[in-house]
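First the structure, which I've put down as structure tokens, then a few questions once you've had a look.
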């Protein structure tokens, strides 16, 4: 019959021509360069093309490199402080903007919270630098606080998103039940809302931390002397020429990202 | 039925309870929103006005600004001042940079779309249990340091990189292909950087696609191309728009990619602006250029908003 | 003084018919302006102590809204809500000695069964020993002792339901509100829980206010029922009263099967009247309000209250032709048509005749009700 001759078989129905091939190519293209980087970070000679033998040499050298060590400490310090404050503020903001009937100024609030995402990073970097220059001149205060402040600002929307997503998944009925059972509002928050929200908060904190660690442009413009973060250090090294220690450091950072993503996914699956 | 008469105006208690609940809710909301809004408002939004002001000042000798009003920055964008007789002549240098950046960003967005759409579709058409794995695979690069990823590309495409060495060893070419420090390198870098940003929103839209519709279409004798055009693409439209915006806007203001892969010369808007705050020491011009970039981005966003409001968009 | 602490109901020495909940012309509107929706329109209701009271009605009738007003999740737009004589309408839920069993159970997923049950007592600041004792007592009351330390997401629907019940009963509230708690259960489990709930109410002596759209459920469990529709209470009474003497057309239609015929009301004496149907037949009927004037009315009677007799029999009030016979095991439904064309249904244990035969119907006066509207 004409019908069965023209209709594709069930298994094929979802396939489009070449889509699968392109998809595989995409994934390959995404990972190939990274894999090359990782592999050659374990290469015993300086070349990124000739493989001699497996060695941890560059990792050791990276470890002993004073510049790298200092930059790592600075990066983690800035990331930790920024994440801490950004997550707290983002949690509060999420609580205020989720699961409520529409309120006056809601769109404005969203716009402001997401502003760092809407503006290209270079523009934010420029504007922040200019503003800080004025403050520095007016008050004479310097220090790494400025950098931490700048990081906190763009970390807030990144922390906000997972927290808000988690909150939206939570049914208000649970909090109503708690109130029904004689819990006053702050106890409802502490005993019901907060424990259930915790996975979202952790996810938001992780996202903020990674984003802060990775930042280049804003840090490049805003950071002062002695405030070199790891990406800035790496950027400087690359401009001067490829060094294998950079491969090692890069691989370590990749490893860190891997840990974070895995945790993020695991947290996401934990909810009912 | 003993109803004690509460002459303490029971209606009053109810009304005041109602009012109290409303006011309390509002106060709580304001208190909770305040820190985030204040911090972002003062240190995110307000600095933009500072930039606006700076763009109308004159450059300071050692960087920074001198507080003298001047429209030089904006003039410089379009015109060149002759050193000798101080006349202005139209110079397209910076316009070219902007045009090239917009062009590169657009082409990169298109490339990301062509690569990303099949990928997103591929993941969305997989059975539910497998999808998490594929999403994980696609999301991982998103979390990885952009600098490092771009560096990885650099390693591969440079003259002594794997691609060239490999091709030369295989005898296909005798001299290394000059990929690095060209527009092509930047194009590759941009797509590579922002591909996950395209795939994820596309996937979010396609995931909601009911594949039974496709099966129904086949049942009605549609061929594959018709199904693609009439069912799949329209369903993915919100994702397409979102993905394009998420690639175009960062791509337009990109810094890392043109710096590393473009040779660090004034190839794109991002590193051109950064230069003004570095060795070129022209803060007002840098501010002006940044603001002009902002305007372009706002226009692009307007297109998105207008497009998004035409269909029911689900904000994920 | 109204405190959040609940006094055990069995320690109060009061006359039997004390009012526990009194809703006084309660109105609730949602939204504003053109989009305003009136969920409850000047509703008044009295629920007595130690009563199993049911709010019955189709979805959207306002029964859940009324429940939420008693619980405190909404504030009334107008009117008062009194608990044991005290105004509570303005109080937040955590200050009302009223507990709720939610339709979705709303168990705390990050706490065990025992922790869920003891939550209310903890919030009330009860001493640890008392909490432990009451929790143990509650667990045995709902027969969940073995599950005390399980996480709630490992429980079946029926088990979750019982935990929700125990959790709401543990703090000994004055009133227990149940919002369609059985709707998610399968039939067998539902029937079991109905008996269970009734038993619990009797044992604890707590006033139960039960919301459902299932009229059979309401009839089997309740001491009294309030039938609601579109924000109004149409009738309040015992199951028997509601079933035998539905006052309003909606109530008659909503509860069980009923025959409704149009006719003309003639002579009236006291609470009795004579209704003439098109075609000449006339019936004696009971009137809900003696203020009904003569004229066009509807009458209603239950299919099982009709006795089949030979058509020529003088006892036959009506005659009709059999159109269909539906057998359902314990009896059968006869679908008839009157000479006037009106359809009728009669329930009988047996029927010996054939389709197309004429049968006579004997209906006693007391089984016929004149309906309002």
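For clarity, chains are labelled A, B and C in written order, and residue numbers in each chain start from 1.
FYI, a contact is a pair of C-beta atoms (placed from the backbone, for glycine too) under 8 Å apart; a residue touches a chain by one contact, two chains touch by 3 or more.
What you see is a predicted model; the values in this text were computed from it and never measured.
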From chain B, the most remote chain by mean C-alpha position: C
Between A-C and A-B, the pair joined by more C-beta contacts: A-B
Go ahead and note the Å separation of the Cα centroids belonging to chain B and chain C. 58
State, to the nearest whole Å, the distance from the C-alpha centre of chain A to the C-alpha centre of chain B. 15
Using mean CA coordinates as chain centres, what's the gap between chain A and chain C in Å? 55
Multi-chain contacts in chain C, i.e. residues touching at least two other chains, fall at 92
Chain A partner contacts - residues on chain B that touch it in the complex: 25-26, 28-30, 32-33, 35-37, 39-41, 43-48, 50-51, 54, 64, 114-116, 118-119, 121-123, 125, 132, 136-141, 143-149, 151-156, 160-162, 165, 192, 195-196, 199, 211, 214-215, 218-219, 221, 224, 227-228, 232, 249-250, 252-253, 255-256, 259-260, 264, 269-270, 273-274, 277, 283, 286-287, 290-291, 293-294, 297, 301
Residues of chain C touching chain A in the complex: 4, 71-73, 92-94, 98-100, 102, 104, 106, 108-110, 119-120, 123-124, 153, 167-168, 171
Listed in rising order, the residues of chain A that touch chain B in the complex are 6-8, 10, 13-20, 22-23, 25-27, 29-34, 36-37, 40, 47-49, 88-90, 92-93, 95-97, 100, 103, 109, 112-113, 115-116, 118-131, 133-134, 149-150, 152-154, 156, 160, 210, 213-214, 216-217, 220-221, 231, 234-235, 238-239, 242, 246, 250, 253-254, 257-258, 260-262, 264-265, 269
If you look only at chain C, which of its residues touch chain B in the complex? 19, 22, 24, 46, 75-76, 80, 82, 85-87, 89-92
Give every residue of chain B touching chain C within the complex, in rising order. 1-4, 6, 10, 13-14, 16-18, 21
